[in-house]
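When the chains are written out, they are named A, B, C, D, E and F in that same order, and each has its own residue count from 1.
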Amino acid sequence: MIMDRQLGELALGDGFEGYYILKAAQQKTSVSGKPFLNATLSDASGAMDAKVWDYPGPIGAQDAGKVVRVRGTVGEYRGALQLTLDRIRLTDARDNYNPAALVPVAPIDPDTAMEELATLLASIEDADYRAVAQAQLEKHGEALRRIPAAKSVHHGFLGGLLMHTLNMLRLADFVSRLYAPAMDRSLLLAGTFLHDLGKTREFDFSELGLVTEYSTEGQLLGHLVLGAREAAETADALGVPAEKSMLLQHLILSHHGDPEFGAAVLPQCVEGELLSLIDRMDSRAEIYREALDELQPGEFSPRIYALEKRVYKHE
Amino acid sequence: MIMDRQLGELALGDGFEGYYILKAAQQKTSVSGKPFLNATLSDASGAMDAKVWDYPGPIGAQDAGKVVRVRGTVGEYRGALQLTLDRIRLTDARDNYNPAALVPVAPIDPDTAMEELATLLASIEDADYRAVAQAQLEKHGEALRRIPAAKSVHHGFLGGLLMHTLNMLRLADFVSRLYAPAMDRSLLLAGTFLHDLGKTREFDFSELGLVTEYSTEGQLLGHLVLGAREAAETADALGVPAEKSMLLQHLILSHHGDPEFGAAVLPQCVEGELLSLIDRMDSRAEIYREALDELQPGEFSPRIYALEKRVYKHE
Amino acid sequence: MIMDRQLGELALGDGFEGYYILKAAQQKTSVSGKPFLNATLSDASGAMDAKVWDYPGPIGAQDAGKVVRVRGTVGEYRGALQLTLDRIRLTDARDNYNPAALVPVAPIDPDTAMEELATLLASIEDADYRAVAQAQLEKHGEALRRIPAAKSVHHGFLGGLLMHTLNMLRLADFVSRLYAPAMDRSLLLAGTFLHDLGKTREFDFSELGLVTEYSTEGQLLGHLVLGAREAAETADALGVPAEKSMLLQHLILSHHGDPEFGAAVLPQCVEGELLSLIDRMDSRAEIYREALDELQPGEFSPRIYALEKRVYKHE
Amino acid sequence: MIMDRQLGELALGDGFEGYYILKAAQQKTSVSGKPFLNATLSDASGAMDAKVWDYPGPIGAQDAGKVVRVRGTVGEYRGALQLTLDRIRLTDARDNYNPAALVPVAPIDPDTAMEELATLLASIEDADYRAVAQAQLEKHGEALRRIPAAKSVHHGFLGGLLMHTLNMLRLADFVSRLYAPAMDRSLLLAGTFLHDLGKTREFDFSELGLVTEYSTEGQLLGHLVLGAREAAETADALGVPAEKSMLLQHLILSHHGDPEFGAAVLPQCVEGELLSLIDRMDSRAEIYREALDELQPGEFSPRIYALEKRVYKHE
Amino acid sequence: MIMDRQLGELALGDGFEGYYILKAAQQKTSVSGKPFLNATLSDASGAMDAKVWDYPGPIGAQDAGKVVRVRGTVGEYRGALQLTLDRIRLTDARDNYNPAALVPVAPIDPDTAMEELATLLASIEDADYRAVAQAQLEKHGEALRRIPAAKSVHHGFLGGLLMHTLNMLRLADFVSRLYAPAMDRSLLLAGTFLHDLGKTREFDFSELGLVTEYSTEGQLLGHLVLGAREAAETADALGVPAEKSMLLQHLILSHHGDPEFGAAVLPQCVEGELLSLIDRMDSRAEIYREALDELQPGEFSPRIYALEKRVYKHE
Amino acid sequence: MIMDRQLGELALGDGFEGYYILKAAQQKTSVSGKPFLNATLSDASGAMDAKVWDYPGPIGAQDAGKVVRVRGTVGEYRGALQLTLDRIRLTDARDNYNPAALVPVAPIDPDTAMEELATLLASIEDADYRAVAQAQLEKHGEALRRIPAAKSVHHGFLGGLLMHTLNMLRLADFVSRLYAPAMDRSLLLAGTFLHDLGKTREFDFSELGLVTEYSTEGQLLGHLVLGAREAAETADALGVPAEKSMLLQHLILSHHGDPEFGAAVLPQCVEGELLSLIDRMDSRAEIYREALDELQPGEFSPRIYALEKRVYKHE
């Protein structure tokens, strides 16, 4: 019996036991009238179909997304591996498993990333902008380190928001030096750091930390307005001059670049314009990275919803 | 010498003296090399061209929008009346004129209107929504009574915001009864009252109260975000439940209906949807009213910028 | 044996007999090679799945939408009630059932509604507009009382056109008083009444009165052009002045507001502008009403096709 | 004294007298305080600036578009010919001039064109479609022969509608043979002939036959709806089957191809689709012809409003 | 045993043997655990479902698009004919079948069409344009005669590109005479002939000549750029003046009319404008022809993707 | 007499002589009937109005853009300096002036910039991409060093294309390291270098090197297609593999990102996607830099055509 191995490492004929996410489940009845469960299990290494024969419940579609403890063997169906389970149960507080093994995580080291991010914020020359950024880091650091940046479009994994924010800060740092002195580096870096912090309130998260849905205030107010308001409150509390608070809010409210893409206002200062392009650049680079990962050289992807086109992986 | 008469009532040959707005001015030099001033004077009754011959200054283009004291006679040029001024000076604090005679005002009685508005707010059934609305009325009542609703598109006169808000409240009241019980009258009325209060900060005003330009925060943040934030702060201060505060903010943020027209988020509850349509209805009705006022029956207007079309005045 | 009861009131174990609509049917073959019928029955209270075992026909997919007489018992399948029928036959002229029990109807009393509508038309001050409206009421009153306003988007039930038209007339009446004297109440009310009468020719109807499909002229000419032409003919027959006939046609042709939404011309008089907004307001209010009906407080709907967004039902 | 010569043939120093259109006029005052008239005269050969010194009126801006009798001499100003007039008066019924010399006319022979058009209509195989077309030719032949097809975009000269209609009929004839038997030649030819006849009511015309403005019903109903209604009435009067009348109306209502370009409905039968493309092809060919006429080989035109681009005349 | 008959001519009960395309295939397992193959066979006459019972492979989904040799009998299932096969194998080089019987071909005679096309090219008056066209015909004649013009939208059958090109040349010939002398017939005909030759490199083709997919350079560069570059190289090789080469490239690059539809540049000379309209006309006519072929008079089609609407087949 | 001083350094009362650009000129007649010239002179420091009294020509509007030699004095008119010239003549080959003093130039040192650019190209790891880039640098280096990147939108000064290309290469270098290994640095750098080289053929240049107009092939083919073709020819000549040549062409053809902005194809590989964003980022940064240069802190610009909005210069 193989214990707690990643799905991607199981082989035909293996007996195994372990914790996995019940990604999907459907109760069915066989032609002979017997109930069985059609399920999909997943962990950070991928997903696999599973059958639980003669299974009357109670586990079913309503348990999708939960962690289960299962025991079974690895078979084959139409050329693909398929699991046959003889035991399945929901986990509870007494179960002791490693969530990081079950869900996808950003390909970065969170400690190093947080450290680099803190260093970049500490390098903000303007004391007001730096103070707002550091106060917000204090408040949201724990969430930032952990949550995804999206439900699915890009960076939809644990640590996604951190990876996205750090890459954008690196770009902002480079760009502000390239276009100095026509640009206020302090404003650009602070705005870049703050731009997506409203996402901590825009989503509902599963117990494992993935985004399951938009929250009600996420849908009715949006992470731009939520984030701008919080930045304003922090700036007020710190006694930051009104003009600077207004500029930070403007960067957050305009960072989607165009009302068509969700911006509450159009960017009208150069730092806001560049923030929206830096955001677009990092999002697009990541969408491509995730899409090209699934392709062989010389292949085109299927149509990618967020890009409204197919992409090509060259040799 | 006729004193302080409306421009629209002056007749050819009249000598006159009075206060008017210097709507526009241009320093010119005649072919004989003498300086003169080409000016346009205005008051609530309209505008008229004026000349100040042999006038070396100091009044000029930089004084447009200010109130002047002038003396002159009414002549004629190419079939239209034209003023020739022999005296012109800027006014200061010691001058005593009636602003209402100088700028256009809403065709309503502000006292009656404020009273009806207060009565409608008092009729809001839900104590939380009513409290927020009344607190904001307390705070902005004075400005609401006075300021225009726009720079020029519609309701661009003193009292314009009050006229617009009151008509919309009347519509909201009717609509909420028509579609009861599928609609929350309290939410719709409170949201309608609050929807444009951010305009008190969106504009810069001339000394006579007209809109001269968007303020900086009006351009960079917009009256939707400004208004929503203030509503949220008021709700917080009054201990209003978070869901209700969120719904009020949602109505304010979405009242332009579509991002294409400036909405920060799409309306997603029925009261927000209807608020955006009530706003559009009252705006359009007023644009037509102002345009038709200039036409004879059977005529088409020139192209109206805000409607992207010409309109027709039928018999 | 329970006779002629609404589906929504049947309980597990009941034997029953009655008339229902065969909403859908599919002939299938079981794994043992025997034919059976997968069917869905519906009435005004909703829909329910049904099986007819060992059934070789002749009833099948081609009979969808017809009324059937069935006998059976109420069982259960995967937690939901399911009917097992032992008899099923198509109805013919000799069957005597109540259509109102089988299809959804508007939540209004048609007699009262028709009366209020007639009163509103009688209140039209201008004799010409009133004459056209009343002549058209005479002609289409019977259909108006009965037909839906749409295939499915909104008001897609018996009496839907009446409910839609009456609510719009109430709005038009209020609005014309609110904006008097800048508006011709007679024109607005007459145009509002006429605006959708072309729908009597735009659709094909099932024997029970629901819209099954667009008619050929409904697709090739559209209800705007059909309605405008009929209004013009009625006006001609009544000797109404050409300008008034033209204005009525203009209101009908432009009531969708924008060519993008099907308007044949842009509204260019204030009554046409407001009619298009009143139409949009009543349509939207009803779409929300129907959508919110399916939701619990705090829930979002699935994406609604006609609105291109999800909607929220607040507490 | 040269009598009644085309402007394009006058030379420096000529004394002349004749009838011309007063294309534009502006009353001015010279620096010495004397009134003079700045005018532009035009005829079919083009336009030329003119001055009437010491002229107090009564002719002025309000007479633009009228025919005047003038006498003067040809001078020069900044390298261009300019007329100095010593006499100018408006014409009346007693004046006897040739309108064809004053306004641009289509480069076709109207008699030959009408004959070819009649022959094409006579070749329509289907008796119903042919009857409608011939009845409408009977009714509108005189106007068709004379009026422009537009105010200015293309074919904006006398005979323009005839030239446009005939070229489209030739195309329709060719296309219907090319795509036979997938196409009904009779429907396509009849629809092509009828498609723009509503323009006889869409415009107001100057006394010389040029389009001065859209008529009220032209703006409020549009030539598509006007034309379709008349076709329907003619078809009814002739007892043409309803399906055929509907198809003719459909072709007229949809001939702009897309609601964005003014179509009341989308073309949904192949003849309507092709009619809209034939219309676009002939319009575009004429816009190019008129634009290229003004250019030298190797030149680009200024931006052409109707095409939203510049065009190139190659060698 | 009936040999090599078209599917459309097989009748219930027939035993048959022949070559067909395996349009689709799916390996399945029956409830009794036995493997079988669900297949669809096709030839130029259409498609039919087939079953191969107790069939463990090796033929399966991966063989879709290949030609198979089968033997079986014609049965019936739910009112439609269905084939039961007892033998199925893939074909190889030794099999001798007629591809033209297996795939749809254009309803034209290719020899006659090629001859007419060559005659039209020979009639090009300008020696340079003629030389380029004839050189390209020399090079691509074989492919032109054979390949489809598209994957599926229109002309998606063998000989489709030839049929499309020839019809467009006929239109170009007519149009250039209709609008002479405002148009360069030589340029229009040469450009029309060349406009789609880049399609020879834009697609990948199945062994039977149908388009299976876009080629990599077809997707990354597009047939407009590919075709323009080849035309330029041919023109260079033949010593054609640069202006003429540029105009040919311009026609090819702009023939989709609008960037929204894939044009690399906007048409800016009259021949390019007309080429884009001729292309649209022939494409639309063919889309309708193919759609109407499937309909009965009085019917509407389902929504046609390329037209974004349904179409109507009149009586 | 001050010789050859920049306009920006002249003071009231100065007598001066020098070379300037005749930016605009208009022949006028004074009220006393004497001819004079209204002119605008410009050099790299700005522009100033000038009068040449009693000047009958020959210099006039037709000489705009040429270099003139003038002598005059500095006066004042309505508070601004104005030049009165007593001599003006066109220059010819014998005149010896410094063009760099007359036209605006990029704020970079061209030698240093060319060196850095060459170093970046030399750092391209892939020998094929490097060879194409270096061959094109060899060919176009001289023009690249000199020409503007646009007529007016941004970088419309001498050296503008070099400044734009170098900044983009710096960004491409940074971005390719940030997103390594998901990106081919060699392809991105080579494509970035090549992307605008077609501009050497897209424009016509004045004798001083500024863009006066689009060239004919610039308008009919565009710099994307021109550049892609040249890259392909260079790649062919160097024996670069077809896939690499295709990718370079794809980057050039797609670098405007969207057909709406002029892209001939959509970017479909990650390097093309990023190139289009890098181009947009550098263009926008420069548009802001040029606009903010004209503003005081706290001011908004007028509407900027290329951005379709106003921009704000913060403190």
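Points worth noting:
In the analysis below, contacts are C-beta pairs under 8 Å (C-beta built on N, C-alpha and C of every residue); 3 or more make two chains touch, one makes a residue touch a chain.
Keep in mind that this is a model prediction, so the values were computed, not measured.
The fewest steps needed to get from chain C to chain E, moving only between touching chains, is 1.
The fewest steps needed to get from chain B to chain F, moving only between touching chains, is 1.
Each of A-F and A-C has its own count of C-beta contacts, and the greater count is at A-F. With centres defined as mean CA coordinates, chain C is found 43 Å away from chain B. In whole angstrom, the spacing between the mean C-alpha positions of chain B and chain E is 63. One simple way to say how far apart two chains are is to compare their mean CA positions; for chain A and chain B this gives 47 Å. Residues of chain A in contact with at least two other chains: 31, 216, 219-220, 243, 247, 268-269, 300, 310, 312.
Under the contact rule stated at the top, the pairs of chains that touch are A-B, A-C, A-E, A-F, B-C, B-D, B-F, C-D, C-E, D-E, D-F, E-F.
Contacts from chain C toward chain D in the complex involve residues 216-217, 219-222, 224-225, 228-229, 232, 243, 246-247, 249-250, 253, 259-260, 262-265, 268-269. Residues of chain D touching chain F in their complex: 30-31, 78, 298, 300, 310, 312. Against chain A, in their complex, chain E makes its touches with residues 27, 31, 216, 219-220. Interface residues of chain B, counted against chain C in their complex, comprise 167, 170-171, 174-175, 178-179, 182-184, 187, 243, 247, 266, 268-270, 273-274, 277-278, 280-281, 284-285, 288-289, 292, 300, 309-315.
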